[in-house]
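The structure appears right after this line, and notes come after that.
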Amino acid sequence: MNLTDPYRDENGDKLREECGVFGTINAADASAITALGLHALQHRGQEAAGITSFDGTEFYSQRGLGHVAENFSSQEAIADLPGSMAAGHVRYSTTGGSGLRNVQPLFADLASGGFAVAHNGNISNARTLREDLVKRGSIFQSTSDTEVIIHLVATSRYPTMIDRLIDALRMVEGAYSLLVMTPEGMIACRDPLGIRPLVMGKIGDAIAFASETVAFDIIGAKFVRQVEPGEVVQVTHEGKVTSLRPFGERKPRPCIFEHVYFSRPDSVFDGRSVYEARKAIGAELAIENPVEADLVVPVPDSGVPAAIGYAQASGLPFELGIIRSHYVGRTFIQPSDGARHAGVKRKHNANRGLVEGKRIVLIDDSIVRGTTSMKIVEMMREAGATEVHFRVASPPTAHSCYYGVDTPERSKLLAARMDVEPMREFIKADSLAFVSIDGLYRAVASTKRDRACPQFCDACFTGDYPTSLTDLGETENRQTEMSLPVSKVLANG
Amino acid sequence: MNLTDPYRDENGDKLREECGVFGTINAADASAITALGLHALQHRGQEAAGITSFDGTEFYSQRGLGHVAENFSSQEAIADLPGSMAAGHVRYSTTGGSGLRNVQPLFADLASGGFAVAHNGNISNARTLREDLVKRGSIFQSTSDTEVIIHLVATSRYPTMIDRLIDALRMVEGAYSLLVMTPEGMIACRDPLGIRPLVMGKIGDAIAFASETVAFDIIGAKFVRQVEPGEVVQVTHEGKVTSLRPFGERKPRPCIFEHVYFSRPDSVFDGRSVYEARKAIGAELAIENPVEADLVVPVPDSGVPAAIGYAQASGLPFELGIIRSHYVGRTFIQPSDGARHAGVKRKHNANRGLVEGKRIVLIDDSIVRGTTSMKIVEMMREAGATEVHFRVASPPTAHSCYYGVDTPERSKLLAARMDVEPMREFIKADSLAFVSIDGLYRAVASTKRDRACPQFCDACFTGDYPTSLTDLGETENRQTEMSLPVSKVLANG
Amino acid sequence: MNLTDPYRDENGDKLREECGVFGTINAADASAITALGLHALQHRGQEAAGITSFDGTEFYSQRGLGHVAENFSSQEAIADLPGSMAAGHVRYSTTGGSGLRNVQPLFADLASGGFAVAHNGNISNARTLREDLVKRGSIFQSTSDTEVIIHLVATSRYPTMIDRLIDALRMVEGAYSLLVMTPEGMIACRDPLGIRPLVMGKIGDAIAFASETVAFDIIGAKFVRQVEPGEVVQVTHEGKVTSLRPFGERKPRPCIFEHVYFSRPDSVFDGRSVYEARKAIGAELAIENPVEADLVVPVPDSGVPAAIGYAQASGLPFELGIIRSHYVGRTFIQPSDGARHAGVKRKHNANRGLVEGKRIVLIDDSIVRGTTSMKIVEMMREAGATEVHFRVASPPTAHSCYYGVDTPERSKLLAARMDVEPMREFIKADSLAFVSIDGLYRAVASTKRDRACPQFCDACFTGDYPTSLTDLGETENRQTEMSLPVSKVLANG
Amino acid sequence: MNLTDPYRDENGDKLREECGVFGTINAADASAITALGLHALQHRGQEAAGITSFDGTEFYSQRGLGHVAENFSSQEAIADLPGSMAAGHVRYSTTGGSGLRNVQPLFADLASGGFAVAHNGNISNARTLREDLVKRGSIFQSTSDTEVIIHLVATSRYPTMIDRLIDALRMVEGAYSLLVMTPEGMIACRDPLGIRPLVMGKIGDAIAFASETVAFDIIGAKFVRQVEPGEVVQVTHEGKVTSLRPFGERKPRPCIFEHVYFSRPDSVFDGRSVYEARKAIGAELAIENPVEADLVVPVPDSGVPAAIGYAQASGLPFELGIIRSHYVGRTFIQPSDGARHAGVKRKHNANRGLVEGKRIVLIDDSIVRGTTSMKIVEMMREAGATEVHFRVASPPTAHSCYYGVDTPERSKLLAARMDVEPMREFIKADSLAFVSIDGLYRAVASTKRDRACPQFCDACFTGDYPTSLTDLGETENRQTEMSLPVSKVLANG
């Protein structure tokens, strides 16, 4: 889920997963477990966190800006969230007090009782649905697309809560992994294409749901299975688990970028270890694009598994030629004299003694705007590297994501503006190569891409969007997106 | 420097460097440069930070709890610290408002003008000196040993500031790397044994001093040389640099633990790359203590360079069998059901897919209390490792440090309580080995230890303290320290 | 307006007006004027304040706990509220972050554009209306009765905003003085009985509305007239003022307690100076209940005007026998030894030198629970007063208010529990007398009470409620209120 | 006591007492009692407050900006101040974190143990003493003149604490009422002229000291006597009370402005009820300067007692023609249109209904700069007053105070710049009169002023300073003060 404007520009030179969800039911300390689970998902959203719990009678909600640990590590915070059912959310968010309105889980008092929802994804016809709802008298509290779901449920004419929810979800398009809490229990749903991840685990008698399996590791839960694309799983307070498939069967299209960057390397996504997938991409890269060099150097930390894979496949030594500081925090005031590139150096510093006089293969997971890549290449040269060869563990990122990932607008994506050779010139590397789209599929799915019906959502690389993008029609970004293969968009809608 | 009680007990299972200092003079943006320099030294002290600047007329001071970035990244903070000379300090500190009194640089208005000092180290006769000063009417503002230096300077009968400072330093014993600011300029001093590090750099016309060379990288300065043990370097506002050697010549004893753990791997300490030193320790460890296994796994992040060295020397593959979370923060409330060891898992999680069914060599930099090591071995086994061999890139840590490093009291040090085999049983590893003291010297100095006159301070491993420890006589820790080689202590005092 | 539970128990021994409103349109600095106007109304609500402005395109809103001066005196706060139309609100409120949801003005994005409302009063069928709205799919953000009005407007089927508002107000019962802002301009409405006050002023080309005339004094505006009971005044951005009377003609029943206590003495209410009205009540009291004594002493500050009136009518000297501290703030920890009644003494202290050996007439505006009165009588005796005669400038307060005034539940009202003589015994005065209801009417309206159709709402004295009280039927307070003259309630509903 | 610059310019149009002190010993809840006592003295210093306590072993200190109630009303704050001896201080202070260094009580660890001091007054040779101390090696923590006393005690060569304190006080000149705490007990001292007040009370077995008797009322203590000018009272933990007179006998000169404005009306100062003294001044004023008028109107609140006295002596009715708001707080942003004089109106508003068409006698306690007086006269005229006669209950304030009162520099004092008739023109009153200096003495001491040896310090009216003013010689204010009767200053020094 995201704000109404998914085109927010950030300085970051990475795509950013915008949310993580975690929930558990029939657990003695549901909110303490949820806090730990969310903490394990902190990399999926660092600006705000919220938890809602239910004690059989009342719902309790706490939300805050900042990390999970800042908001939910104290005894007081957990004591304010009693009950055996809880769900939480981490997200990127606008700062400031009013921003709290958009922090999830969202909650509403419906005629049938309380209704809480945590959402990972983005509803691509949210604006259109919202306008219809407002015309009929609904009053929105936030600018979140997720609130549309609540109002659709509130105004549905079906009698039961599960039917109202399915009725609502039939009207939305886009990507969603949802955790819903009602007085009856917890409902986990994943959109028909399964674009965003959602997994199910078990800890004692409790059932848990999470965006990634790593959340189960931290709480000592067992990973049971993923929630299937298009599946609606209901869990009652008595422990009864029901699975519905109300949207018919579709071929899944999970997000391939979870393997490239979003998920933690110690998670299992779509049946495969993310660490092994990344090493395999690094190995494909070494095979597709070999180079004579002295050292394989990862851009830390995201490039490390692919670099290990590259080093093992190529036989070159793996070395920490760049040291990453763990204390990044805010941007400092730049002194006027000297201190050039102090910004990038605050985060990454060349290991001069190692790099000097060497030919380096730099491995990174992706190139978004290219500015960081350019600075890192320059830093290697200033530290005395004689050659710098840049290898990227994903194909060129040339298209925006509308499914809950924070992407720069298309004109800011380096790969949308130029081919590989100009990109090499831009970042000033001696050579530059990306893994091919088929190499990527081989690494993560042991097969090449099915062009007629791809096994993943890879729209950020190919522009092949698996759903229609209703709201886009009304924005000026339409023009930016003119190069979209429109027929395909419609075909997949 | 530290509080009067150097035996503070922390949960951490690492020795902790207690301070870092940075200063610059004749720089257009002295305080902005100092903020960046301190940020690069953040790993040396994370609980408080302070900067003092001088604009030719007035001194300005800002201090705060927390990280450098939280206190000194804003334009306002830097604007409040005008002038072309500035020095700063990062430290571990007690929390709370009153704790701010101990945050450095300390400042006093002396008859000769302002006097600011930032101190890395610990004065081992501070209590004795303080009692004398109070009897003569001096009033202390803080519990910091550093304040003793200021009062000694204030009450010295010498006429010039430099003579008063040397007069004061002749009365102190212990370890100190000091940056002093007076209206005349900056003075950098290092104790006669050079226990704590201090280096000198140049950026344009400005001179800079820092605890580690990495601070020069981040600001784009050139590393010139280290401040020599026993050296007093004066720099005036006109740029004149003078070197004094008022304490006579002694054989230096720099802290060997800077190579093992304290310094950043991208720093150069005592003429050698810290990263290369750590890799060399790993290689010595592989040669001294080989083992048949499938994977070499570092305990991240401090064990990584030694693990790379071990892997290269042994021919075993280097793999990330433990994934470290960057979001550690506070301790969470532990749920009662399941979630065992959630604490250690919040920081370190097994990469189950990789580890399962494998024989593992775990590499860590040191063992202090052993509790974390025990949990990590257990985590590896739970993830399916068939054998876990623990290798430590330093000798057993069996003695407390009194030179500005936060060590647990001796009875809490695992190696002070038992030999290697019982330690192996304690951490439940299949085998356990430490690098030998000579192996360590070979790795960091290409020669074995000179027993008559060791090249480093290695008291934490050997108990061979290079200075007398006057204040210790009065504490109950005296008994704990009875095993100290007292004759040596006196000989070196 | 108030929270859903109007029976909130406070320690205070006064009835408390729960809100004040102020708004202005076509003013160059609308929000700065509104901040000053609200500040003049601070006595009507001290726990939270909010201002919403409109700049021709967007609405801006700032709300905060605490006083107007704490939230709206800075240049930044005013700069965040641009535009030539603004309205604000002061209120009593629950504390804590979530309490901010109930701070007014409330705002909603309706299909017709933004809609902001500030409300003084209480809707007595809010719960019933809310349940109906929720059943039809409306989602409430707050527990405020005012939000009912917004949802009624949002779901009205009338096409224009003014018709939707009138449609909504026809469904509500109770007391309301409203300021509404829409993109078209400002609308001020007062309920058909005019229970809560609302006045209209002019400053240059700008029109202003306020709860009391004193707000006009502070901003230099001219008092034009009151908004009539049942009147709806529309003001456009072009300055066109339209008056509607959509609810038919009813005989007004303004709140008589505004004269007794709520309004500031320098305000004009219902055509009469409040200061003069209070002096007149004091004079009636002296005539109805004379007593031989040495001094007339007001309970400061609210008893002062009546005490001056009493002194002038009786010929006894007016003296400050009780000194009030302006620094009240929080309750202090009570020391165990001595310091008895330190609580009341923090606020009121006997002027011992004056009181000692004297016969005192104490004048207060009202008695609610009686505990403060008891302590003040005791304080006078401890200071040496030989006789203490208590005179009250209102009839006994024996009934709760449901029209936006914070009253203790009925069982806590001293006058609901006992007659005058037991009350005298309770507060331990030598004599006790209240002004009669007819004396009160003579003082504030120069005529006695019209029993068939009273000129004011005096339900707190008489139990004669001028509207039906729909929500009351469902609460247990129903029984407490069995003594209500039900037929009258229905007749007036 | 005050900051080094006693000439601080404030917007306020009143002289401001700069401090209040309170202490108690042998009390079960010493710090809770001290908090209440300080609260009763809040009018003597509103910007910062501090309390230090002693539990038989350790001293505890809490200081904060803001009111006593904000800092010391919570159970936590009191629990952090254990022990049966405590002393506190309220003061005007610079804002900001660093300002806390100047908040009292000041505390130091001396060789003889802890030493805490709270000071009301100002040491007029503080700068000179400080320079001497710094030259000898003392390091100051604050810019407070009070710290000079601590360093004089620390460096005194006498063996006992009481002798060291007396030794120190012999070197200081100026005004001081001190509460000192040492491990042996509490010491209360008043300077030889008794310029600032200090009284002694008893509550159970506990002894208490305070700046004013009102502090005893609030805690239920009995007023015993004043601490005499030049007296040093020692109280031990065993309850032994000793009185010393180490400075010889001098004729006292208590501050006459305590009667005029500083003290609360319910206090007893120098043996006389302050309320009665102020009424008596008002009566003198009516006799010395009668006028034909309709109403006597006080400028609230400080003018009220004198106005009652004036009304009773003149037979004119006392009326509240000006209503004071209790919600003053910060200055608001002034709107550009209308709202003229909103600043003064926020605090004082004309009671228009009363004033219109009337001849008014306005009574205020003093005129400092005259700007507020001018605005109030104008406000009365705008409200319709036909004549405005201004009467002031003190002589013209023509000289600065150097004894702990915050006065504007002399050039800003209206009476230093012009005679009475130009003053009348400046404030635009129909007539203006001040009480005569002899009238003032008659009112407060029942006798006229002894010109040879005045019974009070009245330097602010007469320029007749009772001590030498050593530090003044070095400042540029010297010139401003050239009109000082220098011979007298020396004679009294």
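We call the chains A, B, C and D, going by the order they appear; numbering starts again at 1 in every chain.
Please note the rule applied: contacts are C-beta pairs under 8 Å (C-beta built on N, C-alpha and C of every residue); 3 or more make two chains touch, one makes a residue touch a chain.
What you see is a predicted model; the values in this text were computed from it and never measured.
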Distance-maximising chain from chain D - centres being C-alpha averages: A
Computed distance of Cα centres, chain D from chain A, in Å: 64
Computed distance of Cα centres, chain D from chain B, in Å: 52
Rounded Å distance, chain A centre to chain B centre (Cα mean): 38
Set of chain D residues in contact with two or more other chains: none
Arrangement of touching chains [line / ring / star / complete / other]: ring
Residues of chain A defined as touching chain C within the complex: 108-111, 134-141, 150-151, 154-155
Residue numbers on chain D that touch chain C, as the complex places them: 27-29, 32-33, 35-36, 39-40, 42-43, 46, 67-70, 72-75, 78, 203-204, 206, 214, 217-221, 264-266, 268, 273, 275-276, 301, 304-305, 308, 312, 317-320, 323, 325-342, 345-346, 349-354
